[in-house]
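Shared chain: chain A. Partners: chain B in the first complex, chain C in the second.
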Partner chain A sequence: MAQLPQILAYGIILGVFYGLVTIGLSLLFGVMKYLNIAHGSFMMLGAYASYWLFMLWDIDPILSIPLVMALMFLVGCLLYKLLFSRLSKVSEDVRINSSMIMAFGLILILDNSAIALWTTNIKILNTSYTSTMLEFMGIRIPLTGLIVIGLTSLAILALHLFLGRTYLGKSIRATSQDWEAASLLGTNIDRIYLVSCGISLALAGLAGACFALTYPISPDIGLRWVLFAMVVLVLAGMGKIKEVFLAGLIMAMLEQLSSVVIGAEYRGIVSLAVFILILIFKPQGLFEK
Partner chain B sequence: MNKLKQAASSIGLTGTIVIVFALALIVVPLVVDLGNYILTILISLLVFVTLSESWNLMGGYAGQVNLGLAAYFGTGALCYMLVYRAGAPLPVAMVAGGLGATVVACIIGPPTLRLRGAYFGIGTMAVAEVLRLISTTTFTQTIYSPASYWITFTLTKSYYIALAVAIGTIVVAYLVVHSRLGLVLQAIRDDEDAANASGINPARYKMIVFIISSFLAGVAGGVLSYHRGNINVPGQFTMDWTIGAIVAATIGGWGTLTGPVLGSMIFVLLREILGRTVPTGYLIVTGVVFVLVITFLPDGLTSSGAMIRSALGWGGRSSEATLPE
Partner chain C sequence: MLDLKEIDVYHGDLQALSKVSLTIKDKEIVAIVGSNGAGKSTLLRTICGLHRPATGSLSFDGVSLIEQPVHEIVNLGICMVPEERRVFREMSVLENLEMGSVIRRARQARDSTLDWVYEVFPILKTRQGQKAGTLSGGEQQMLLIARALMSQPKLLLIDELSLGLAPLLVQNLFKTMRQLYESTELAIVLVEQNVRAALELADRGYVIEGGRIVAGGDAKELLGREDIKDAYFGVAPEPWATRTKKAD
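After this line comes the complex of A and B, so read on.
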């Protein structure tokens, strides 16, 4: 048990990361009632973009983040224009199912294109600071983990200010509460959806860039991580933004603790089993009163 | 002769086509030697027909998207193999496979089917991942059929088992769809509030059809294990099976009985033609076809023309679900 603080430190980094992967998914669900299960695959795309920008043009992965996010924002707008806008007129239940199925097709295309282009071999982005460890009261913390936490905090702050202070942000919140009322009051719903889709994928791009900083990249990370993102989404309550990070932390801590108590190979099983139990007893999410 | 005509007219054109098709599948392998390659493809096609019909019962008719079909398929394959190895006769082992899958359905069904929205999809996906992880850590080696199997096995026998199960699945789906249960399901899919207000308990009916659907998927797992003679357990639980079933049902058309059959044919054809030369390429092409079909023909290929629709009679039943308000 001596390594417990060490494990909890890793748990915090993992938890923040879970939150970061989930937040774009949650935003899109909150505003549009689309469950984009291809979110993880877009994160994979962002991770590869970050990787290739570093390998080909030697751009530091932290400096390339704005570029990756801008690129993914455009991909998001394109995605909305080409595919998702077709679902925006149907009722809510149908929207969830149709977006899941459409995203399913996107997963097929994106994941297999990644395999075809970059093979299934694991890619590791190696910067000068990748394996730097900081020591703090006997706990070793990877520098990249701290960078991820810092970047995520920045992103959350920016998103919070954007949704709270700007006109566009307020319209997005109004649309997520009641799109019909917002539409009657003169909000251009189509534009709100377009921007939300772009922001959601830009956040997926940020998650991808952070992923490339900390973990090895392979084409199957999308499907693996989106499941955890959806679990966090349900734990936080569907479409909630602020609760996402708390739910992510709980999930990560559970995983880290079970890897100590039961064994590393069972950590995924334990956290998902707990998720299923929560689904049985408290399906509205952990924070619903 | 007159009676025959009367019978034919009461079945209708679609029914006649289906029966002729089924008869051809039954008779042709007896008369002509199709060769091992064609038979193997046909078996694979029939397994996909069974899987996608079972998915379609839940997704197309009840409007519940199951993202973890592989769990029921894999559990079915595993239970079949374990029971068969224990010395049970083949039909018992197949039923055991289906029952095993039903047990899994009973775990995740009740909590998620009470709720609306994405809970069922996420819940089934999580269960599939848990089972995949458990099976990967528990069964690291391929499980082989008992010695008696290898004496009696022929490819033709395997083909007829797959055919019987596929036809059985379509018959079950037909009976479900044309019963009160089927009507109730479609009512729930189209408007759950209205169905609820009419005194229907949506969760109960969704659960009934989920049990039927997972039983069929489990039997499909048994069929494939019988055909292969062994199972590599982690391989039975991969997402690929879910993908195949959803792609087939969606390309063909949700909420139609012919859709999954047509979709399975296209999926297996794409795989056989492209998969030999460009293994990942075929999945990209499948994905593109899939997205194109959803975008331009949300009701699937069975709705691709008024002519085909009226000729088949069954097409486009899900059109109400995808039309704008």
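After this line comes the complex of A and C, so read on.
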């Protein structure tokens, strides 16, 4: 039990990371009722973008984040224009199913393209601070973990201000609550969807860049991590924004504690068990009254 | 101002409106009445662009609305208050009103429009920080009207103003609508199941039944017509009256 604070510290970093991976997914679902399960694969693209920017042009992965996010924003707009806009006229339950099938196709295309381009070999982004450890009251914390927490907090603050203070952000919230009422007031729903898609993928890009900072990259990380994100999404309640991080933390802590109690090799089971239990007993999410 | 000619609208295979023609002139208040499912809401939704007519023409100030996207129709000056109290529940009253002035032309005049809207509905000012979902039914209805006014419409379409509200509240709302109409250049179209109240308020009326306009003209005249009285004013005894009689 002596290592408990250490394990909890890692749990916090992991939890924030879960939240970061899920937030873009949740935003898109909340606004458009699209379940973009290819979100993880876009995160993978972001991670590779960050990696190659560092390898080819020696751009520090933290400095390249705005670039990666802008790039992914454009990819998101393109994704909406080419694919997702075709679903924007159909009813909401059809959107969930159809977008999921579309996104499944995207996973196959993106993941296999990544294998073709960059092979299945693991890539590690090695900066001068990658393996730096900080000691704080006997707890060792990786510097990159703290950077991820800092960047994520910044992104959430920015998103919060954007959604709460700007006309466009408020329009996005209004559209997510009742798109028809919003359009009857003159909101251009098509534009709102376009921007939301862009923001969602920009957040996937941020998650990817943070991923490249902390973990080894390979083409299959998208599918692996989107599974965690789905659990967090269900735990938080579909389409919720603020609750996502709390849900991420809860799940990460459960996993970390279970790795102590029943062994690290079984921790994957815990998240999936949580997934099933939530779907059975509280399908509307943990925080719904 | 608004001109509909021979409009046909289908919901799938079902014809919801057939050969509907009507006009709304500048600064008048028109009631469209009829029973449930007659096609009143479909008519309003067609004007706003939420349904597209299969045939017929639809124009506003000489501009055809047939190909216009919904938000562009709002920009031209038509704003609809949808039924079922569709406020943005998770947003504050003020934010709801701000969403009303999302179109560029309204955004520039937002602050002065807001002051005016608060004058019309003072209760909203006292509630402005509150989430819209926590308002009472009548307050939500006021918020919907106020929100629509924020877009500075020339033509205001109101779907079922009175539905589910207490009679006294309805009376007050109708009075406010009358004042609003008298103090502005606004044209108002009221869609109502409450036939008598709507015709008493309006200058002109249309009666719609089974997707067709079956009568139209001066509201006072319509109110006096025997066939309309028979169809909508319910001279039959209330159910509870017959029940008490049997109990005797």
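Keep in mind that, in the parts below, the second predicted complex is superposed on the first by the 289 of 289 C-alpha atoms of A that agree within 3 Å, B and C clash if a C-alpha of one lies under 4 Å from a C-alpha of the other, contacts with A are read in each partner's own complex, and residues count from 1 in each chain.
The rule we apply is simple: contacts are C-beta pairs under 8 Å (C-beta built on N, C-alpha and C of every residue); 3 or more make two chains touch, one makes a residue touch a chain.
Since we're looking at a predicted model, the values are computed, not measured.
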item: Fit-or-clash call for chain B and chain C when the two complexes are aligned on chain A; value: fit
item: Partner chain in contact with A:Gln177 - chain B first, chain C second, else both or neither; value: second
item: Partner chain in contact with A:Leu185 - chain B first, chain C second, else both or neither; value: second
item: Touching partner for A:Pro216 - first (chain B), second (chain C), both, neither; value: neither
item: Contacts of A:Ile37 with chain B and chain C, given as first, second, both or neither; value: first
item: Which of chain B and chain C A:Pro5 touches, first, second, both or neither; value: neither
item: Partner contacting more residues of chain A (chain B vs chain C); value: B
item: Chain B versus chain C as contact partner of A:Leu106, first or second or both or neither; value: first
item: Contacts of A:Val90 with chain B and chain C, given as first, second, both or neither; value: first
item: Chain B versus chain C as contact partner of A:Gly150, first or second or both or neither; value: neither
item: Nearest Cα pair across chain B and chain C, whole Å; value: 8
item: Overlap of chain C and chain B interfaces on chain A (superposed complexes); value: none
item: Of all residues in chain B, those that touch chain A in their complex; value: 59, 63, 65, 67, 107-108, 110-112, 114-119, 121-123, 125-127, 129-130, 133-134, 137, 192, 239, 243, 246-247, 250, 278, 280-281, 283-284, 286-288, 290-291, 294-295, 298, 321-325
item: Chain C contact footprint on chain A (complex, rising order); value: 167, 170-171, 173-174, 177-178, 180-190
item: Residues of chain C that touch chain A when the two form their complex; value: 48, 50, 69-71, 74-75, 79-80, 82, 86-91, 95, 98-100, 102-103, 106-107, 147-148, 150-151
item: Residues of chain A defined as touching chain B within the complex; value: 29, 35, 37, 83, 86, 89-94, 96-98, 100-102, 104-109, 112-113, 115-116, 223, 227, 230-231, 233-234, 238, 265-266, 268-269, 272-273, 275-276, 279-280, 283
